[in-house]
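Okay, so here's the structure we're looking at.
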């Protein structure tokens, strides 16, 4: 197994030298299987980090660990204070058995947005994710892509400074994909830190400043995006990009 | 709205002149919204048909209607006798709360495979979908991509002559995508008819003989794949391929 | 089976005549049962949700106790309340024994465990689906409970109906703490027990039929409600 | 509260002494209740599943009837069974009145609606999730019911526990059809009722405590089971 | 182990006192006949026996018993034993009912509107109580729900209510003597001849109920009414007090 390389981010760091996200020695096992095996990573305060890796590498687990949803067995995750309340778009979003609008209202309530401010915010979110026409539809009857967009809108409801996106465009059409990418870039432009899991190499190239490559529960490589895609350092990443799999 | 063109399949038809799948005037509404609005289509006995269209176009609904899972409000779907028992891979697969292996065993039982023949068949299916190492894992704890592969394996369990695939590689890594594409091509090679919903244009180009383009519940275009991608006839399809959306 | 025919005629007669005594009994039954089920829901829903998603010491034990309490024998509940509320008992000064209030308390004790245990199961199942999502939305434990209870409402109606069934049918406890005193604490079930011990089987059966008709009506209404609130779920 | 202390001491004494009469009563209670709940599950699980996913005329009405039957007053059930099983009744020749069999029948009638109604709710909820998948796998209606029941088993344990609670606590019906005959049809609850009417409140309470301890033990065992079979669900 | 059995429909007072636990082992020992006692209210007992669900009746409501025989459902009514009714109430006796005149006591209670708990279940005791009220010239039912509490339940339940509420209760002596939840209650009126309480025995007629185990029932009846049974009843004295007085010979 190749050594993990931690390469500093190419994007400019904010004044303070503290990293935005510092993960060290993260371990996680379930029913005897080691799923995350000593992940250590340092990410900046801003910018878009793509998290790549084969199916089952542990990307979704890592994202959930960063979101604080699953406690690691060992290791630490430190988020800078401003990133302390991340929003997560799940790979398989679970929507409430309510209308699309009510799902957003619920999220806004949990985010502490005062009741009076919610309707305007909901309209805005629906607009952004192109769901205005479907506001009254029961969320669970929406099409796959529509549900994914609603999950994205819900994540944006809390106006998070850290956005964790687990394959947010996996079942989106080209137009919607472009829209979500635009939203993501706009958010990053506002200083929101984004970690994006994707299997779409082109998407990672379009959006990401740096790439973390996860393989069998290890962060095998961390490099600026252009370097990662042109000359991946690890054999695993090379194989992944070529569509092979090293076992 | 452009006229629907029904162009004969480019692949050779089997001796009988009867179409494999004949859909005429399919209508479907839910809570007052017309979701499928007069879909008429004629597909062959074999070959891979790609079903493209924007989010919410009605692709998943059409697939489920063909599978006989949702009854249409009006119109008819006629399947040739050999295609009468299609298998469907859902966009959001629902797996039983059992191990991966037990999910396949359950499907084999429903497909009427005798008990004695099941273990060998299960091993074969796990192998095909690269899940052998995860056979004993609870299906619901598998990663997104692993679940999708298990759903594919489950659909293949019944050895169907008609395979309906709803974005089967949406969250698969490049290697797994290649594997599923290979399985699909192999099946088609054996004479299995495949209808494949995908948002991945390149995938459709790689696999499909013909393309049906769905837009707002209408089958706007049906053409051989090379022609569709080079010179889409309808404005909607042009816009879709360019990542724009016509409303 | 002339006894049944007689009973049905008698039941019809009771409803048609609707004499004052009979109406008094029906009204008291409805009040006691209705109030008891409302209170039991008010306690049982949050308690069940807490047992499902709460994280506190003794949760397992409490959950077990609630579940076992579904098997509380009414006579025992009645007895314990009798001992507490009797003149000689510690709460005797309240003068609650042989009042409708005592009957409501008895039914609440009997019904709450049923509603809480069923709620726990329902909310636990939903929590398996929603917990990560709610945590990602940074819901507090109380907010999560609220959301899950709201999502669970069709199933909660069924839980409430199970509790209602128990409360409507219950006789042992209300007999002891209510005393089945005519014009004061006599309800349908204790009246049925009385007619039975009098050997007036047809009249007892008639009262039972009336009770069942009431139960059917309430269930129909609540199941209609259940369907209506359940619709967005699948719609 | 010396009465309670006395009762607890008495209960402990009963268990420690475990005299033959007491053990006889406990054994009969366990047999009658256990058998009744098993039969009620055997009927209620498939019936509930059928009500949830079946497509047949009268399903709504049957569902409503089952739900309303949760409120069947035990005394009425006891009465109707009495009329049927009495020597003067149509089934009198069977000679079942005042036998444990009659008590089992009474409890089955009381408990089955509870289990069926709760099963219907559980299976209906699961069906919302699984129905399309099962139809795509071309499961017959019976196969679908089987699969859903199997998937629902942790919740079904809770339903069975609710039924068990009702059966263990029930006294009105078994009193009428069993007759509370010493050494033949006397069970815990009827013994409690008898001791209460004798004014032997401490002894009655002691029996109640024994019953509760039994209920706790059974619940602990079944909830352990529930957890074990529930594990793959979230594991 | 008994080869054959009979079912006796009986009042609750006899069972609650423990009489059968005393008598039946002696009888079973001798004859091998298993006697099963179903203890219910007198009304229910008569009804059940009328439905052929018992082979014998032991009750204490003379008029109803004679009607039962007159209808051909029973072979004959035999006097079995007696005891007496008593009026119990709180030791403080707020209505000053104590004495040896039951009618005066009831009048005093009605006068002072002190709480009185009536079984109101058509049982033998209840019928006796109502007869006494009317003899005393009072109509307590008019006050039902105020001071006159119609409990609609058995003797024990009514006593439990009485002791908890401080309400006077008319009860049979056997139930009272063996009743464990006496609280501060005492016997206030006893010994009035009007309080005489006769128990009767009826064997169900095989003509009306062919399934009657007539041989065994007759055996038990003969035994109870004969010297052995009568002696056994005489000997039943829990806490050293005799509760039932055999009078079959009379």
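For clarity, chains are labelled A, B, C, D and E in written order, and residue numbers in each chain start from 1.
Everything below uses one rule, namely that a contact is a pair of C-beta atoms (placed from the backbone, for glycine too) under 8 Å apart; a residue touches a chain by one contact, two chains touch by 3 or more.
What you are looking at is a predicted structure, and each value in this text was computed from that prediction instead of being measured.
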Shared chain contacts [subunit B and subunit C, defined touch]: A, D
Chain labels contacting subunit D and also subunit E: C
Number of hops, subunit C to subunit D, where each hop joins two touching chains: 1
Farthest chain relative to subunit A (centres taken as mean CA coordinates): E
Top-ranked pair of chains - ranking by C-beta pairs in contact: C-D
Where subunit A and subunit B are represented by their mean Cα positions, the distance between them in whole Å: 29
Whole-Å separation of chain centres (CA-atom averages), subunit C against subunit E: 36
Gap in Å, rounded to a whole number, between the CA centres of subunit D and subunit B: 48
For subunit A paired with subunit D, centre-to-centre distance based on mean C-alpha positions, whole Å: 50
Sequence positions of subunit B contacting 2 or more other chains: 30-31, 141
Numbers and ranges of subunit D residues touching at least 2 other chains: 82, 89, 196, 201, 233-235
Per-residue multi-chain contacts in subunit E, two or more chains: 48, 154, 157, 160
Chain-to-chain touches, reported pairwise for every pair that qualifies: A-B, A-C, B-D, C-D, C-E, D-E
Footprint of subunit C on subunit E - complex, ascending: 40-41, 43-48, 117, 120-123, 144-145, 149-154, 157, 160-161, 163-166, 183
Residues of subunit C that touch subunit A when the two form their complex: 129-130, 132-139, 143, 147, 151, 232-235
For the subunit A and subunit C complex, residues of the former touching the latter: 64, 67-70, 85, 87-88, 90, 93-94, 96-99, 106-107, 109-111, 138, 140-141, 154, 158
Interfacial residue positions of subunit C with respect to subunit E in the complex: 82, 85-88, 97-98, 175-176, 179-184, 186, 190-191, 193-194, 196-201
Complex interface listing, subunit B residues touching subunit A: 30-31, 33, 53-56, 59-60, 91-92, 134, 137, 141-146, 149, 166-167, 170-178, 199, 201, 239-245
